[in-house]
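Got some structures for you, see below.
Common to both upcoming complexes is chain A, partnered first by chain B, then by chain C.
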Partner chain A sequence: MSLSLKDHRVNRTADRGPESGKPLQHTSRRGSQRGGSSIDVQRKKLLVPFVGPAFVLYTVLFIVPALGAVWISLHKWAGSGPMKFVGLDNYGRIFRDQLFISSFGNTLLLLFVVGAAIFILAFALTLVLRDMAGKKIARNVIFFPHLINALVFGVLAGFIFNPGGMVNSLLAPLGVTDPPKWLAQDNIFPLIMVTLVCTTTGYFTTILMAGVDRIPPYYYEDCALAGATAFQRLRYVILPLTWDVFGTCAVLWTISSVKIFEIVWVFGGSSGAGVPPTQSWTAAVYTYVNAFSGQSTPAYGAATASAVLSLALISVLVVLLRRAMRRDAVEF
Partner chain B sequence: MGKPARHLRSLAALMGVALALTTTACGGATDASTMADTVDISGSISGQTINYWSMWKDGEPQQKVIAAAIADFEKETGAKVSVQWQGRSNSEKLVPALNTNNVPDLVDGTLAKLAPVIGETGQASPLTSVYSYKVDDTSISEVIPQKFTSNGAFKGEDGQPWMVPYSVSSDGIWFDAAKHPELKDKPPATWDEFINVLDKLKASGTAPIAADGDIAGYNATWFVTSLLRLKGAGSFKALVEDKSGDAWDAPEVLEAARKVENLVKGGYLNSGYNASKFPAQQQLWANGDAALMLNGSWTPTETGSYAVPGFEYSSFQFPAMSDKPASARVDFIGFAVPAKSKNQVPAQRLAAFMLNSKYQNALGTEAKVLPVRPDAPVAAAVESVKAAIDAAPATHLQNDGVTFPGYMEKVFFPKDDELFLGKSTADEFVGKMKAAQIQYWKDNG
Partner chain C sequence: MTEVELLVPAKSIRRRGRRGVSPALRGERNVVRGAGVALLWLVVVISIAALVWMVAQAFRDTRSILDDPWGVPTSLDFGNFVRAWTVGDFAVATWNSLLTTVVSSVLTVAIAAPCSYYLSRVDNRLTRGLSLYFILGLGIPAQVILIPLFVMLNKVYLTDSIIGLNLVYIGVSMPFTVFLLTAFFRSLPLEMEEAAALDGTTAFGTFWRITLPLAKGGILTAFILQVISHWNETLLALTLLQSTEKYTLPVALISFVQQQTYSGADWGGLFAGLVIVVLPMLIIYVWLGRRLTEGLTLGMGK
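And then the complex of A and B:
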């Protein structure tokens, strides 16, 4: 089937081409499919020794556990001891669980709201930093928060926002006697979102800047000569030439945002003494609490079911993103 | 069939190899629930080796006592103990290990953590022989107080005990006896007297109660203990087990919620308790900025480093509310032996060995925790707690021993937090809990 289609296409291109009608071309193509050129043969021979080890490792360490997780998600299981097959019950239960819905909503908030804020800021910073003196230093400074462990921010949040903490001490001389309850359960998630924007923007700015730095300066000179405004320069030069970098960043953020866990864990519930308030749970935290809360019998089935759903979400989003961002790469 | 398909075929073959590798690696993983039998542990164990995964980290006071006991054990019996001082995460590491044939021979942990992992899943050996084993000429079943074992906290599905405790923890309402000697002389015995004390403290300008409101487990202690005071030990578990949810309509349940509501509405809790991060509030309490704190028997150890100079730790029991006998909270730390362990005898002997009075006394005086033996002396800071446990006619576990999957974290804690943090009234709390519990049992029944 595929062969005949190919033949058809080959014929059509051949018809159009100037040297059409040469049956030789036709047969040589088919020939190469059967026996192949010597390069093709060599390539085929090398596939197994080169790709093999990585593929086996990848299968053992990632694909098999992922399939195992799907298998576990069909059971009621405490992590050890007898497993009881329950079919898709775990999935049904998760969808009926208000807590999973709200945790999932938080994950989407991180993905889209925090993501949008990060990319707008990162792009703005990129444009500002491009022409700035001492941009290398500035770049390092904004990248720095990304190097710091999220645990540090969790601990710092206490110092800064506790009722007797830094913010309230600074506000007191200004006459603020009844400051907001910064760390109240409902405020923790917004604080986490702000912290994530602050820590992640530098990382994506650095990647985007690498893309912008690649643009040859004569394009900007052309813009200047043509009298283009800053916006036009952005619209017609910078954006098209960094589009593929932008798309990669979007995929990176999608994958990492769905897995955000430790910062939520340390912001509330603190130092392992408890579980964060449910208002700040993400899908990853929901998964963890089901399996490892340490306060009740582990529910591995429900935990893996929610992990499998997260994986499905990432896959769908990444595919959609790649589609939405698909452009012909501009060669320059 | 084109080129990609041929590549796929070789990749598929590789995948087959990989799958075969993984399945052999996990061989025998699923035949997990092996019911072990009771073994005779009296014989010689010289030359045998056991693997012990400890919940303590190198350098902790308890670790030092256990390490000394192990050194004596090796000298006395000729057995060898290889220890991994893993810390509190040992019970989490135990879960995957139990699915392999490479299990530790002995683990320790709190009952609350070990029960869901090894006790209730039938993965622990029955330790009946340990209970009949003699230390200091007394069998262990007599060394451990009857009231600790009578409620069956250590018994597995087969009716045999799977855990041997060597230490306990409890709770109390803590205060600085140097600053409030009147509370040490005459602690409030009833809820009304307790409220009187709070009113007096408030009038004197001291914040009455400090509470780290971000720790749901601490918040829950107020409601759970109130209910146990009104309906007796075991009543919270019975309330949770009711699949119809009707148990939430009992007047005592609403009454218990009202007590918590009173604390919140009465302004007895230190301002900011509902928007701070642990351990801010207990630091503030140890600094003398609030008078009372309901917390565990570990409070002197945990807050000792930042308490004001001269702080004299003392505590009184959660006040009584009805004529029901006031039970004391007792949580256990002890040993369990995985059923798959191949060195049952030496492992069980070491579990028994820790109950020798020499090490029990060391736990009380050197590690300053509560030993399980009532005849062991304890440090001054926890004497008040020990006296309360000795005097209590019955005991209850943290959260009354409720460990149903996800119930506390997903059903109870969020709604109890709302009550304790002043976001819902007692009536709203009871209504929401009833509905949530009905749904919980519909999903998990």
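And then the complex of A and C:
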């Protein structure tokens, strides 16, 4: 995203450069390099009052805790009492912990499998929606789940997949007398994955559509005149022109999928002690349970180590994505 | 595709043209497409039906919900809401959520707007570095800062406190809000600011009297996006709040779900709780929907 911000700025400067009829504007934008007009000098004095509060709040409440997490992950600590420096031991420990491996594996499943499903569906929907009658209504409806707390879907799923619930009552007339135990501990995570695909696709469809809608119609007209097939139009017009939007979506999904917590926490109505069955844990749930569940001594070191690994996963993927998506943005 | 088929769209130009859209914009009509459209409308209908169904169930008592989940309420019975409101502590939780959401969203935007303005108008190495510094936060998931934040706030007695939660929400929302508003301020024309500067307005005056009024739309969008994310935020609230009278709605909902494991399912009350969580979002969406999707898609897509 940083890159795109910069691009934006470059574009603007480039746009405005040739307009020699507006020298003032040019000066004020580049004021810093040319000594600046009085307003620029004045404006610069606003650094502390304008940027200060945001900078302090953000640093104290976000960056410092993030660095603190790295620090805590190098210690053995139960939250109170002395911290014992153990170096990278916590990381070694969680990698030997079967529970962490399965939780992290679930996070990867969400990231890649659910991600792939969402992208394929969202792109297909975008192509269908592009020139459909009533596309605005359809688009507005499928976007709405994004605004709902994922808890709601978790609770509803518990009701719908109950043994005497709606799904089974729908299946009964079809001759399914012995429906699967939907909410058995092993089945919960696949159900979560399906639910997430259903509730998240709409959001990404909306973003992709914003990209596709930017393509000027004369490209399609040109395609029609040149006799391009639907596939060729997709391959040589739509995909290249929406490539950057795809990149943004991939980054967004990477970040948001690693955070997934609420829906797992309540899916199907929680079982007994208030902690979901371990088969459905994600890395975020692992972190929370190890630190705050109150079931055993809090292991802050291992919990933060798991969180820091999630952050590392995001960083690596975002860097890779940026690299993979790096091609000259097509100007149009 | 054979040549004969290729001629078809060209032939039908005039006929389709009547509908006002260029024929090239229309997709080919084929079976796959038809199926896709049908499927999409099915999804749309199911989504709306699910929402209506959820609201309807909130007006029925638990036994009739379980007996016939497809049924409709026979009368407008607010019993579930009353019970959720009183027994489930949703009254306090709703108030807490409302207070936290509004206060933290207003402050977030009030603090982020001047910062974004500065970052968008002054272009030097420092501001570029600062922009990057703020964007960094977009990639840090909440579970990373969870434990250190809890430890820090505990030291200054701000855990289990609405004030503490507000502070956390403001800090955590900075990256996105600054990012969105910086992009927005950049898109505003500079002419008016320059005219004001020529007339001798101070730098602060230009921001306050010229840019802010111009930026009303973008600021409202940023505000509403914060309202939505703070209203729904769960993980941080669950960690930082311990006593029932401090719970926000999502935390109260979780604790309500967990009580059911012991006291038997009160689906009526639960549906009422879900409706209380979802309905404000629906109202905001219906009211300001276009602005929201534009803010989310343009803010992130650019």
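For the reader, a short list of remarks on this structure follows.
The working rule: the second predicted complex is superposed on the first by the 269 of 332 C-alpha atoms of A that agree within 3 Å, B and C clash if a C-alpha of one lies under 4 Å from a C-alpha of the other, contacts with A are read in each partner's own complex, and residues count from 1 in each chain.
The definition used in the following text is that contacts are C-beta pairs under 8 Å (C-beta built on N, C-alpha and C of every residue); 3 or more make two chains touch, one makes a residue touch a chain.
Every value quoted in this text rests on a predicted model; they were computed, and no experiment measured them.
Once chain A of one complex is fitted onto chain A of the other, the partner contacts of A:302 are limited to chain B, with no touch recorded for chain C. Touched residues of chain A were counted for both chain B and chain C, and C has more of them.
Judged by the touch definition given at the top, the superposed model places A:234 against neither chain B nor chain C. Once chain A of one complex is fitted onto chain A of the other, the partner contacts of A:185 are limited to chain B, with no touch recorded for chain C. Contacts of A:132 after superposition: chain C is touched, whereas chain B is not reached. Of the two partner chains, chain B is the only one touched by A:293; chain C is not.
Of the two partner chains, neither chain B nor chain C is touched by A:325. By the touch criterion stated above, A:99 is placed in contact with chain B alone, chain C being left untouched. When both complexes are overlaid on chain A, the residue A:86 reaches neither chain B nor chain C. When the shared chain is aligned, no partner comes close enough to touch A:171: not chain B, not chain C. Across the superposed pair, chain B and chain C both touch chain A at residues 2, 40, 44, 47, 51, 55, 60, 63-64, 79, 164-165, 269-272, 274, 292. Within the complex, the chain B residues that touch chain A are 1-3, 6-7, 10-11, 14-15, 17-19, 21-22, 30, 32-33, 88, 91-92, 95-96, 98-99, 112-113, 116-118, 120-123, 214-218, 271-272, 274-280, 284, 399, 402-410, 413-414, 417, 421, 443-444. If you check the complex, the residues on chain A that touch chain C are 1-2, 4-6, 8-9, 12, 24-25, 28-30, 32, 37-40, 42-47, 49-51, 53-55, 57-58, 60-66, 68-69, 71-72, 79, 124-125, 127-132, 137-152, 155-156, 159, 164-166, 169, 203, 206-207, 209-211, 217, 220-225, 227, 229-230, 245, 248, 252, 255, 258-259, 261-262, 265-266, 269-272, 274, 283-284, 287-288, 291-292, 300, 303-304, 306-308, 310-311, 314-315, 318.
Note for the complex: chain A touches chain B at residues 2, 33, 40, 44, 47-48, 51-52, 55-56, 59-60, 63-64, 78-83, 93, 96-97, 99, 157-158, 161-165, 181-185, 187, 268-275, 277-278, 289-290, 292-299, 302. Residue ranges of chain C in contact with chain A, taken from their complex: 1, 6, 9-10, 21-28, 33, 36-37, 40-41, 43-44, 47-48, 50-51, 54, 66, 69-70, 111-112, 114-115, 117-119, 121-124, 126, 128, 130-132, 134-152, 167-168, 170-172, 174-175, 178-179, 182-183, 186, 190-191, 193-194, 197, 202-204, 206-207, 228, 231-232, 234-235, 238-239, 250, 253-254, 257-258, 260-261, 265, 267, 270, 274, 277-278, 281-282, 284-285, 289, 292-293, 296-298, 300-302.
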